[in-house]
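Note that chain A is present in both complexes that follow, paired respectively with chain B and with chain C.
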Partner chain A sequence: MGGPGSEDRLTVPSATLLGQSVLSGVFIGALYGLLGLGLSLSWGMLRQVNLTHFALAFLGGYLTFQLAAVAKVDPFVSLAVTVPLFFGLGVALHGFFTRFKVTLLNTLLVTFGLTSIIEAGIQWYWTADFQRMESAYAQVRWKIGPLYLSLPDVITLGLALALCFGTWAVLRFTDLGKAIRAMTEDAPIAAAFGVDEKRLGYLVSGVAGAFAAVAGVCLALDHTLAPVQIYAWMGVVFAAVMMGGLGRPLGPLVAGIVIGVSEALTMAVTAPTWAPLVSFSLLIAILLFRPSRF
Partner chain B sequence: MKITRRQALAAGSAVLSSFILPARAQGKPIRIGSTLPLTGPLASLAIIHKVTAEICVDNLNKRGGLLGRPVEWVLRDDQSKPELTRTIYEQLITADKVDLIQSPYATASILAAMGVAQRYNKMLLHTSFGIPRLAKYDMQFQTAGSPFDPEVVWPNHIFDAAAKLPKPPKTIAIVTSKFPSVHAISVGAREVLKKRGLQEVLHLEYEFGNRDFGPIAARVKDANPDFLWGGTNGIDPVLMLEAMKKIDYRPPAQVHLFPAPGPMLKVPEAQGSLALTTFESHPPFTDDPAIAQFVKTYAERAKEAGIPYTAVDLQSAIMYAAWQVLEAAVNATKSLDDKTLAAWLRKSEVKCLFGTLKWNGPQNYVEGADLYKVKQLQQGRWLVVHPDPWAAPGAKIV
Partner chain C sequence: MKAGLGIFAVALLALPYVGLPAFYESFSYLLLSAIVLATSWNILSGYSGYFSFGHGAFFGVGVYTTAGLAGKLDWPFLWTLPLAALAAAVLGVALGAVVFRVRALRGELFALLTLAITFVLATIALNTVDGGPGIQFMVDTPKLTPTASGFLYLLMLAAAALTLWIAYAIYHSRFGTGLLAIHDDEDVAEVMGVPTYRFKLAAFAISCALAGLAGGIHAVFVSYVTVAETFSIALAVNVVLMAALGGTRHWLGPAVGAVAITVLLYAFTSGQAAVLGRALTGLILIVVIVAMPEGILGQLLKRFRKKEPVRKPPVESARPAMKAKTGTILEVRGASKAFKGVQALAGVDLDVRGGEILGLVGPNGSGKSTLINVVSGHYTADSGSIRFEGAELIGVAAHRIARAGIARTYQIPRPFPQLTVLQNIALPPMFGQVAMDRAAAEREAWRWLEFTGLEAKAHRFPPDLNLHERKFLELARALASRPKLLFLDEVLSGLTPVEMDGALRLIRAIREQGATIVFVEHVMRAVMELTDRIVVLTYGKAIAAGQPAEVMRHPDVVSAYLGTAHV
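Let's turn to the complex of A and B:
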């Protein structure tokens, strides 16, 4: 709690401050998870470290912003445009990787280059200045006891939960999911059982692209867009994906929320400058104590 | 010799046109080199500097250039990277062989360019150097109107302005980014507020680029200050205010040192917010017809360039001043020699669009005084409200 001469050292927070900070951490963590979901799928199942995912998410955000600003299209209606478009981009990217037999390390390099190209394109069209989507959703908030919830945050959490659990359920309970898991486990053996590895690869890559479009809507709803911010999310989302386990749909969400809440509590009780260290400290701790996870 | 009527008319027209039409720049262009962060984190501000400088060069050439020669601005993108800035200035001086150099943007890049300027004895005018004590080179000159000791002068400007609020604040929460310049000023503000008998109820520092302002907003709400000191720049004030809005909190009064002006206009919670500036697009700044014309041209060019906020303010004004100073020095000395220009600047004053620049104090700065003002966001417009001589007509701090 702030008091006379309060410094940015360890302080005893009030219950309200603590509660509000936890909520804030859950919501930002949900966005980490949502951004990490597509990355985790393509990395874990296709062996592609796809940095373009971040650029696509921001491109999705910009397209949502543009459709809302110019054509007054509701952000969620804009998904009817961006989801198929980004599914197609995901498929095309996978086609490129397959055609040129790009290795895992090289996917990192190639997608970094593609990210820079998309960033330049965004800057060319929307300029480097900050863009902010104005929507009726941002005006809605609720008070529960002393705590506040805003609609964009709740939507982000809801979408993250729905997509992560939905993907998990598909992979866990459907034949398609079982085929994808078999392909990930051992592609030649899966092929011997009739699994079409190529088609499934295109499908997974397309779905990962579509998830970027959904994350883009959440970015546009609750965040200010600037081309350079593409890179600001990479570190923490990478940490969430690695902590959550590659190819595990629930992993990035759980890890993202753990990171988000840890960062928020760090900011609530001590100097906010320590917060960025939390995600990487957690990642290092997991690498040290549970290396088998990777 | 008999002069025909036609010849007399032609001669008359020639004499008349020499008064009406500007002198035409001729000969080999004078090349002036600089970098700006056209890409990277500072790109949103660089575009303002680019548009402004292009207007300045166009105007300069319309007036006959410098020393009768046209001016060519050689601009390179430093990608917001100081190490690249250093390399490019080296190239501009040694490979491009520019005649003069102009300012890059932001403290780190200016410091990088200053090292190169010093190595090659080039004069460096700079627009946005936040830590004057680090400017040790004797041929560097600021054109932003900032003092040698901004960590003392600027907090005093702000607390002087805050003292005029309907309810002068007694308790202050200081929340500052660790971005070097605003951090240094905020550290100074902690000392200044003590000397003024104000009480600090919260002090928080966060990393520049912070994504989640929720917990910071909750801590400010918990501390319940009379006045929020936002040691913030760029988009951070908007993010902080939106996080506060989510928890139904609005500080009774606030300053955000260098906010991105456009996005702040769209945030209702930012109304009443104070900020530092040198220039705003209203009288008395625009009383000079040339400056009024610049404001108009800038609005047109900024719109063409896709800049959302098209009014001239701090950023465009400091770049405009840099070209005013360069022109004044070259015209006064009739020289392009860096040492001659620097010697003239040290002992001279140059009237720019936001006051009179001087360089007769420590490290070519002025200690304890500057040309900065305090502006306030009122009904969707930024208006200078302090000090009184620069206040917008009829504007008062509310």
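Let's turn to the complex of A and C:
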């Protein structure tokens, strides 16, 4: 990021820089959407605010990194390990919340504690230094007109679109989706009509975990990994989830891309260090002008 | 006890002068700053239940205010401290003014936004005051102590004493009771007269100001501040952990937790051990939240609390019954309210006359409860007018309506579960027409405990009561505010016939006290026996009004209840 326009004061960027900014905003926004998808599902449908999602995504990223570095495993092959593993972790987490009847606010606190533990574990094993995965994918770049595209970016966008639209379609068109929506609306009534809401809860939580694994691969492909970064992603992704609407699979993606593009343009016009302010300002604006959304 | 505290205070003050190794001074300093942070966090988050993950950010604002003013602009250090507190409070109020207006998703939204504010303020500090490399500075501290750090220790000691005193004073005041009620059930608190929005903002401002003050002192203590070290999530988590571990429902709880966690973390300060320390705090947080929701102090108090004897209230001559105003006191004209297309109220006209018991009946879904919610200010009517003693109520905040003298009960009782029965009943008088202090309100509450026969349960908590007792608690709570107009929403449902007779006697006695009553009920025997007049609602409209016996024979009313005859 950066480029010639990133001086300390406002600059008018060139059309090329602007175009490149919008493009990179779309790609980073897709990752926001991908990370937000799992959060939005567990928040909207299970009434759990799951901060562990970020720690899991990073853990997935580190596992992918490790498998690639030690055993030369292709990042997408490593999904065969991380997806089932994280599905299981998601199920276990839901089991814990159900067993101890943890309230919505307390899920936030408990998952914060869990995040600290995972973060400490990552730092203990992989150190606090930045790690970057070397992969063949990152070498593939295209030039379209004056703009650059890289394969990891395109893969991230593709995965985000596929998972968000896939989830949307399942919820909308299948019996399973209908049952999940009924459970979201009123679990006891849904149960009375024969919906096994307990099993659906485990399924949703497991799927959210699996989504974290997929997001982890994208993180490893396209970003540097460091334990402290776990927290840096929270604010912006939660902004996307809240702006997109809880439990709506396409919401975080759309909101994520809006945030991503706004951030990229902010960076092009001012300094990159101002970017963290963008998502927060958008969220506050929505709170001020459309409070009924919440 | 008093003497012990005195000796302890003298020992704390003397610490910088006895020439202990510097370690003890700085460790005590860290203990005190943890106490300030955890206790100040608790003033908003523990009392009212709005958990903030941004306490580190407000602390950071204080750090950077002092670092900027004293370090870069060479202000005298002590002058920067009030500004550090002020800057943090202003930012807190600005954030609170936005978030506290949103009704749904309150707690989680607040927690996440405060989490985000840490990064936002870090960004602003980095781009403005700091500029990147951090700020290194030295200030001259007054030569009151042998060492400079000794003086900072004394300052933090003063800050800790101030913070604990404020937490104690709030806890025992009307303000604190209001905050605890917000924690338990914010909607009910508002309807009972607690100005919830203002209280939350004020608590947040105080909480942030104290964190900012601690930050200002800390800036000088470290004398080199960087954004990464200052605005850390770890600090915010530790503060939450300290308060939760010690106990958030007591003013002293966070201080207990602060000492425990600081001592514990001290063992894990260097290198790899710090990582272990972070994992350990995470683990303790989970265990505390799941297994020890009341915290150390809460548990201890529960175990050692002597059974408080049931104190009889000081015998008080009953206040002369108020003379109910005659004539129309509540005038509803064309009140409408729609929820996403469902027209719950479709232009209701209704008069309530002073001193009467008005029965409000109608089939399920006819709009009775919505009408109560609209009059009490929980919902705002879409159109029409509602005038109480001549003043318009639509658009007026619920707590102001309560203060004007309107009270209600809930069909399904909604007591504050973590306040005792006595505290539950003492709340409305504190926020009613005459804002009583806590002691006076509790004396008043004893009267109504006696009136409803709940004296033996005064120090129990509502979840220990059976349904019949909870209904009576609901009544006592509504009465304690001495309302001019009282809405009773199906107080009889679920009671046995014997309990029902008791309740009817109670309601008559309420009227003798001078209150006007609107009685919403499905039990027709009670309606016919008790009411002077009835109004029938169907589909959000009043279709008939008059003497009970006449109205119930009205053809429209018969068809509303039983359907039309097709013979």
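Simple rule for what comes next: the second predicted complex is superposed on the first by the 284 of 294 C-alpha atoms of A that agree within 3 Å, B and C clash if a C-alpha of one lies under 4 Å from a C-alpha of the other, contacts with A are read in each partner's own complex, and residues count from 1 in each chain.
Just so it is clear, a contact is a pair of C-beta atoms (placed from the backbone, for glycine too) under 8 Å apart; a residue touches a chain by one contact, two chains touch by 3 or more.
Bear in mind the structure is a predicted one, so any value in this text is a computation, not a measurement.
J.: If chain A is used to align the two complexes, do chain B and chain C fit next to each other or clash?
T.: clash
J.: Looking at A:113, would you say it contacts chain B, chain C, both, or neither? Reply first, second, both or neither.
T.: second
J.: Just checking: does A:264 make contact with chain B only, chain C only, both, or neither of them? Give me first, second, both or neither.
T.: The answer is first: A:264 touches chain B but not chain C.
J.: Would you check which partner chain A:226 touches, where first means chain B only, second means chain C only, and both and neither mean what they say?
T.: In the superposition, A:226 contacts chain B only.
J.: Looking at chain A, does chain B or chain C touch a larger number of its residues?
T.: The partner making contact with more of chain A's residues is B.
J.: Give one of first, second, both or neither to describe whether A:273 is in contact with chain B, with chain C, with both, or with none.
T.: both
J.: Looking at the overlay, does A:175 come into contact with chain B only (first), chain C only (second), both, or neither?
T.: neither
J.: Figure out whether A:123 sits in contact with chain B (first) or chain C (second), or with both, or with neither.
T.: both
J.: Among the options 76-84, 94-102 or 130-138, identify the stretch of chain C whose C-alpha atoms clash with chain B after superposing on A.
T.: So the stretch of chain C colliding with chain B after superposition is 130-138.
J.: Show me the chain A residues, by the header's touch rule, that chain B contacts in one structure and chain C contacts in the other.
T.: Correct list for chain A: 120, 123, 232, 271, 273, 275-276.
J.: Can you list the chain B residues touching chain A in their complex?
T.: Residues in contact with chain A: 38-41, 43-44, 46-47, 173, 178, 199-207, 209-212, 214-216, 218-225, 234-235, 238-239, 243, 246-248, 260, 262-263, 266, 305-309.
J.: Which residues of chain C touch chain A once you look at their complex with the stated criterion?
T.: 49, 51, 53, 98-99, 101-105, 107-109, 111-113, 115-117, 119-120, 122-124, 126-127, 233, 237, 240, 244, 272, 275-276, 278-279, 281-286, 289-290
J.: Could you pull out which chain A residues touch chain B in their complex?
T.: Touching chain B from chain A are residues 1-8, 13-14, 16-17, 20-21, 23-25, 27-28, 120, 123, 126-132, 134, 141, 143, 148, 150, 153, 223-224, 226-228, 232-233, 236, 260, 263-265, 267-268, 271-273, 275-276.
J.: What part of chain A is in contact with chain C in the complex they form?
T.: 49, 100, 102, 104-106, 108-110, 112-117, 119-121, 123-124, 231-232, 234-235, 238-239, 242, 271, 273-277, 279-280, 283-284, 287-288, 291, 294
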